[in-house]
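Next come two complexes, and both contain chain A; in the first it sits with chain B, in the second with chain C.
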Partner chain A sequence: MDETVAEYIRRTVLKIPRDEIKAMLQKWGFLSEEQLETVNFHQIKDNISQDVVQLCEENSADIKQAAVLDMIYNHIYSNKRTWSVYQMSKRGEDTEVFDLTDFKKKFKRRLRSDLKNVTINFKEYEDNAIWIRIAWGTPYKKPNQYKTSYVVYHSQTPYVFISASVLKSNMPLLCQALVVASNYHDIREMELRSHSLNSLKDIVFKKYSQNFQSYYPRPLQERNVAPETDLRIVEENRSEKERIQRLTREAFGDGPQPKLEFAQYKLETMFKSDPTMDVLDKKEPFRCLVKFSSPHLLESLKSLAPMGMADAPLSPLLTCIPQKARNYFKIREKKGLLPGSFLSP
Partner chain B sequence: GLFAHLELLEARAYKAAVKQEEMEQQKEKLARLRARVQELRLQRDELRAKLDLQRKRELGKEGAVLDPAQSSARAVVEWKIKKLKSMLQIFYLTGISGKLTKRGVCFCISTAYEGTYLDSYHLDLLTKPEVQIYRHSLPIFIPLQQIAKKFLQTDIRRFLAVLSDHLNAYMGRRYQADQLQERFSEQLEGTLQRNSLCNLLVFNYKVSSQSETFPFHARLLYGDPCCSLPTQVLVSC
Partner chain C sequence: HLTTSLPLPSERDHLRPRIDLIVFMIDIKSKYSLKNVEASLAHLDASFFLGKVCFLVTGVGRVNFCSVEMNAIWKLGEAYCSPVLFCELELEGIRIATAQRLLRMLQICAGHIPGVSALSFGTLMRNTADD
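Entry: the complex of A and B
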């Protein structure tokens, strides 16, 4: 077994939290149950990884099999990477019949025709997600297994989720290969980024909680009157509180919000001041960047009005984030923001 | 002399009479107010009794004597609510129901396959200045924009019917693929290859007869997006 492969497997195992190592190796399926029994998973991680590498030697692992272990790790710990969303478009209107084998063949062929030294791995999951792992090399160097790109694609959708961490020069090649393999014409990057891959999927696949008015009798448990409170306490502004609750529910829906870490607003508007103050001599747009960060941005925005920190209704610039599927905005003069059209794709 | 004395006595008698009358009036007034108080007290007791009765009935205690007028009004309201709920249920069962919103209408399309109810999807439309889609919860691989371009402005009924066909067919295909994986897992070899729209299924399976098993490879193509049955099937040994 190659030295580099051994080192790669060792480093991958070291990344995994100790309690998860055995389960992940079982999922990998490259080592048999009997082999796994021989490893003591309670020793320090350094020793565990050495033992695992030893067993892989016995089975003569190659880089492709080692890459599968890396894929399993990144699938479970996908929140350690930053994911961007790309949108593909096509001119034709035929319903596609997506053939997975065809897709994989076309992708590999296209990418390999541009770059000889790449390692490409595919893995399909139950939710129709196709994961692609790409390790990039150059015409003179073998692929660097530590600087990998991950692509997640759901068939017959125009969205691709990419976690790049590569040289800028490789992105166009990757994009071209995706477009060719999936029978689209064009691809562009959306203004949407987050660590939580599932939240990005929820936003673009419209699976986040939207408050639709319908007659379909939904269970109304969440809407019950507040539980018994002390009768000696009288709420003076109950109607105001109810108004805020109603507006918040209308803007954000009832369920959990997708997890985004920030929203960035780039202002290119004129500074509006008292004419007598005349701060700027030249009438130039005042450039300013406003960034909201949070471990869970949308949940914190949702709780602003109920906690009394902001007036309800909140600015539509904040509440439109999931619907417009973006967390980077440019605000220009006259009639506000760079519009995404109402029929957001 | 005498006349002055008589005048005095007359005046005194007059005053006494007036006083007497006043007192009598006061007494009468008092009696009347007392009677009124009694009346009000009686009314209050009656209302309290009614309230207690209501409360007891709500808590479900037995043996309460129901006020007939009250119970019939309540029964009518309950019957009306039940009737409305069943009407809404019927609309839901037809597969397409809608509710007017402030700016347009919100449709709910429900799907089913052969007697099993599956998911529901929502479509929020604006009606001014022209009919357009505001937001929706449809799966992203349903060709909503294509269908909207063809029918949304001209024939909204057809738009909804075509959309409902697409959704029901997709859900039907997906349900069948899921059932295949669940109920025929012993015959399936390896994984079932499918895609988001479930319009191409490729799998290997084995058929056993008389202690011999025959491996087969199947490829099911569903060419019609509005149909939940395949248009082309290839089976090979």
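Entry: the complex of A and C
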């Protein structure tokens, strides 16, 4: 077995939390049950990984098989990567039925025609998701297995989720290959990024709880009455509290919010000041970047008004994030008579 | 009685008892809470400021998250001639001690302690704070 493959398997096993290693190796299926029985999974990880490499040596693992283990790890720990969303578009109606084998063949062919040294792995999952792992090389170097790109494609949709590696130069190649393989015409990057792949899927597939413009009758007593803490406490501003709850529910819906870590607003607006201050004598837009970050941005925005940290209703710039399926915005001056600002794509 | 801002809604005027002490709570982590308190102060009748108002600054345990300047708080206390107390609500011990202090102040303001008036007590608190 190749030295590099051994090292790669060793490092992949080291990434896995100790309690999960056995299950993941079983999922991998490359080592037999009897072989796995010989490993003591209670020793330190260093030793476990050495034992596993030893067994893989016996089975003569190659890089493709090692890559499958990496794919399994990344499928379970997809939140360790940052995912971007791309949308593909077609000219006209699609009358073709999706053929997986055809997709894989075309993808490999297109990618390999531009770049000889790539490792490509495919894995299909129950939710119609096709996972593609790509390790990039150059015409002179073997593929770097540690800098991989992952692509998740739901064949019934025009959306592709990509976790790119550092090599930005390979993106156009990857996009081309995807478009060709899936019989689309064009692909564009959406301004939507997060660590949580499932949340991104929820947003673009519209599976989060949306606020429908339906009439909300007085909330059912069982839902809204918080346990009375103490009858000696009187809340003077109950109607204000209810107004805030209502506005928050209208803006965010009732269910759990998709998990995003950032919202970024790039401002290219004119600095508005007292004309006598004359701060900027050049009439240039004031460039400013506002970034909100949180372990769970939308939930924290949702709790701002109820916790008394912001006025309700919140700015639509914040509440439109799931509906607009974007968390990177550019705000420019509104052209025309009225000064103001508007969101641009 | 709890509220997030003044003035109090007039619908409940008839249900309200006499108010003896008003504690304005400022969360040191939120500039918004200071703004809110400043806006509400404007609605309060001047007679309350004779010892029946105090400021309670919460969240002082987390030094890294301070958003409100201490200067602003001291100035507020001086401008409205009212004492400023500090506490950390997340620690049970401090929470209970603060509640006991406020309860004591309330007893004075309600006139339950003979020989001590709200005004004299307020002056006493302010003079010791200046030391």
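Operating definition for what follows: the second predicted complex is superposed on the first by the 318 of 345 C-alpha atoms of A that agree within 3 Å, B and C clash if a C-alpha of one lies under 4 Å from a C-alpha of the other, contacts with A are read in each partner's own complex, and residues count from 1 in each chain.
Quick note on the criterion: contacts are C-beta pairs under 8 Å (C-beta built on N, C-alpha and C of every residue); 3 or more make two chains touch, one makes a residue touch a chain.
The structure displayed is predicted, hence computed values, not measured ones.
Undergrad: Examine A:E333 and indicate which partner it touches, taking first as chain B and second as chain C; both and neither are also allowed.
TA: Once the two structures are laid over each other on A, A:E333 reaches no partner at all.
Undergrad: Name the contact category of A:D62: first (chain B only), second (chain C only), both, or neither.
TA: After superposition on chain A, A:D62 lies in contact with neither partner.
Undergrad: In the superposed arrangement, does chain B or chain C reach more residues of chain A?
TA: Counting contacted residues of chain A, the larger count belongs to B.
Undergrad: Which partner does A:D186 contact after superposing on A: first (chain B), second (chain C), both, neither?
TA: The answer is neither, since A:D186 touches no partner chain.
Undergrad: Between chain B (first) and chain C (second), which does A:E236 come into contact with in this model arrangement: first, second, both, or neither?
TA: second
Undergrad: Between chain B (first) and chain C (second), which does A:G308 come into contact with in this model arrangement: first, second, both, or neither?
TA: After superposing on A, A:G308 lies in contact with chain C but is clear of chain B.
Undergrad: Residue overlap on chain A between the chain B contact set and the chain C contact set?
TA: Common to the two interfaces on chain A: nothing.
Undergrad: Would you pull the chain A residues touching chain B in the complex into a rising list?
TA: Touching chain B from chain A are residues 93, 95, 97-101, 124, 128, 154-159, 204-207, 210, 212-217, 323, 342-345.
Undergrad: Of all residues in chain B, which touch chain A in the complex?
TA: 85, 88-89, 91-92, 97, 99, 101, 106, 108, 110, 120, 122, 124, 126, 132-141, 143, 145-146, 148, 191, 193-197, 199-200, 202, 221-223, 225
Undergrad: Please output the residues of chain C touching chain A within their complex, sorted ascending.
TA: 1-5, 8-9, 12, 30, 32-33, 36
Undergrad: Taking the touch rule as given, give the residues of chain A at its contact with chain C in the complex, in rising order.
TA: Residue positions touching the partner: 233-237, 239-241, 308-310.
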